[in-house]
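Lettered A, B and C in written order, each chain numbered from 1.
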């Protein structure tokens, strides 16, 4: 009898643990359902194509217009800008972490990178608003709230992601690769940049994709420095509105079709993220089969 | 001067063991008698540890493992209706690398009894002292019962692990190369301890060290490629092996 | 002499350039961090007033006192939901799931997907599902549930790693004494993995403290001390955002001070987490 109770308890615990594990799956399904179901009325009434390609967003006009093309473009602009700033710096810093950092400094440097990841986005945004925006205003044209400001802030924000993932993949390159290059008379730099980095490229690419995901989904930091006007920016000094900014700015008072259109904006963002996830999976799979990163 | 044969403790009959498609044990037959030390010798990967682990079903932890044949313990099929926890309570195990849990010396010893439902502090205190004394390590550790078991030396850790196995009052103790990670002095201590424990327990030991098998065991089984090549009294195996392969191995020609 | 000649070769020019770029990149990274930290901290100290931290909130004194309470409540409740679920999930994945378990791949896909979803989408979902469908409105409860889901992948992944790093010989020792799987998990595996789990928990506290986008439309933005689970309020980060957005010059001051508090807390947490996390490896070395 006692044995039975014990066995029931063991089995019960296993099922309970399984249940807890299924929470993540449930959450993803719920998120997908409610975001896409919430977006459906808007897409049905406006038309998916008109919604995606329309460049008029006048939710309170009669009749209202809901087109998010400018915001899609805006999200892509600032993300591209973030990559221009963040990726080169991130990859080079990763090389430092993996190949140049003295043992004694490493814990400090690594702590520094994690801290960069740990700073809340609201702080990045606030810093950008107080320092970067005025700087651009004074030295270039416009009022400072701009594609450029958002790109710089996001560029810094994706640094830790790019650095960490790239560092791991550079470290995963077998020592013999570098030694082989050194033995042929290459300098340390040549061995790293012409042998190590090409060997680690899929890992670095994965880091960049993760960084893109972070940049495109970032909300608070962007909304505080981008200006948020709903126009297609003609230069990097002009104001820009991203998909995320559109949600956070209008969700609070939106109602009816406007609300549906906001949810649909979230759905579009979600689709972007899902596509990035798929790309990431393909890259990781490729790296696995070619015997690189796991 | 014929002594009555000792009673049978464990019998392995026509046993085969597979990891996925790889066969690790081939048609093994073996009897372990009560209050004897049985040694398993043979080169690495010959299946001796695998068989040892089958004797208290530690192989259950390996998902790909599949067994045919029969192992009986006091006549009862251990892969049949017998409760695994009950089996392991009766067949204790000591591992190759000393593996005290990251907790105090006291809690290490008390872990087994607590597992089997003993909660009373007084009883536990007594078991801890008894087990440590039986493992001949009480004097060294009695003042450090509350200290972390990871802080004592490797040799002490292994004797602690033996004490931990003794604490559940087993009938059989399985030892998987218990001295391979230890220095010669600690090894001697453990060998002396095993010789002492033999009167009260049945011991099965896997060892790489042929001197050790010769010194302490009553029976020896020589394994090669998953088969038992020769099994018999240790004296006979080491003085006049029947099989050429056994002779080659014990004289150090391979392995 | 040879060295000098070599110094002028193209090969070396490229190498020196690359090497300098490596140092410049790391320097820029460090400067960005230190610049932001010191700027916020410096101005935070300048704006420091006891009344802004502990005083009662009013339009004249937009103090953060109530949001300190809210932040603590949010941390506690969110962890209470997220931590057990995540630990049990990690235990299932590492200790229970067999090789060909059909769920494992789906669970991994789900946690990876969750990890990539932006906070604002979580906020949107939380507002729709917990806020509207479940009827919790703008409230502590809605906020906690939303952020708890965001934390799942973080805690699951780190707990999994911590559990995996527990040497198998501990498990063998426990099973060898006749212990059941459940006992082995709770008495041996989880205690041994505790430093790693703790560091994951501390890092998640940092995430909760810093979260804004997911909270604006779930926890809401009402400036009040929450009286119950169904009340709206602001965490420090939300307070900082609203103060910046609506508070004019005085709001900026509050934002600086709140930002400084956030940074100090997060600094402590990061350092604490890596200190505790660093102990894991050392314990297992012998």
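Here is the rule we use: a residue touches a chain if its C-beta (ideal position, glycine included) is under 8 Å from a C-beta of that chain, and two chains touch if they have at least 3 such contacts.
Predicted, not measured: the structure shown is a model, and the values here were computed from it.
As a matter of contact connectivity, taking chain C out of the picture divides the rest into A | B.
Chain pairs B-C and A-C differ in how many C-beta pairs are in contact, and the one with more is A-C.
If each chain is reduced to the centroid of its CA atoms, chain A and chain B end up 55 Å from each other.
A separation of 47 Å divides the Cα centre of chain B from that of chain C. Inter-chain spacing, taken between the CA centroids of chain A and chain C, is 16 Å.
Among the residues of chain C, those touching two or more other chains are numbered 180. Chain contact summary for the complex, chain B toward chain C: residues 56, 58, 61, 63-64, 84-89, 92-93, 95, 97, 99-103, 111-112, 115-116, 150, 161, 164-165, 168. Residues of chain C touching chain B in their complex: 98-99, 167, 169-180, 183, 187-188, 191-192, 283, 286. Within the complex formed with chain C, the chain A residues making contact are 6, 9-10, 13-14, 16-18, 20-25, 27-28, 30-31, 34-35, 38, 88-93, 95-97, 99-101, 109, 111-116, 118-127, 129-131, 156, 159, 163, 187-190, 192-193, 210, 213, 216-220, 224, 244, 247-248, 251-252, 262-263, 266, 269-270, 273-274, 276-277, 280-281.
Contact residues of chain C toward chain A in the complex are 11-12, 14-16, 18-19, 21-26, 28-30, 32-33, 36-37, 39-40, 84-86, 88-89, 91-93, 96, 103, 106-107, 110-114, 116-125, 127-129, 133, 149, 152-153, 156, 180-182, 203, 206, 209-213, 216-217, 237, 240-241, 244, 252, 255, 259, 262-263, 266-267, 269-271, 274.
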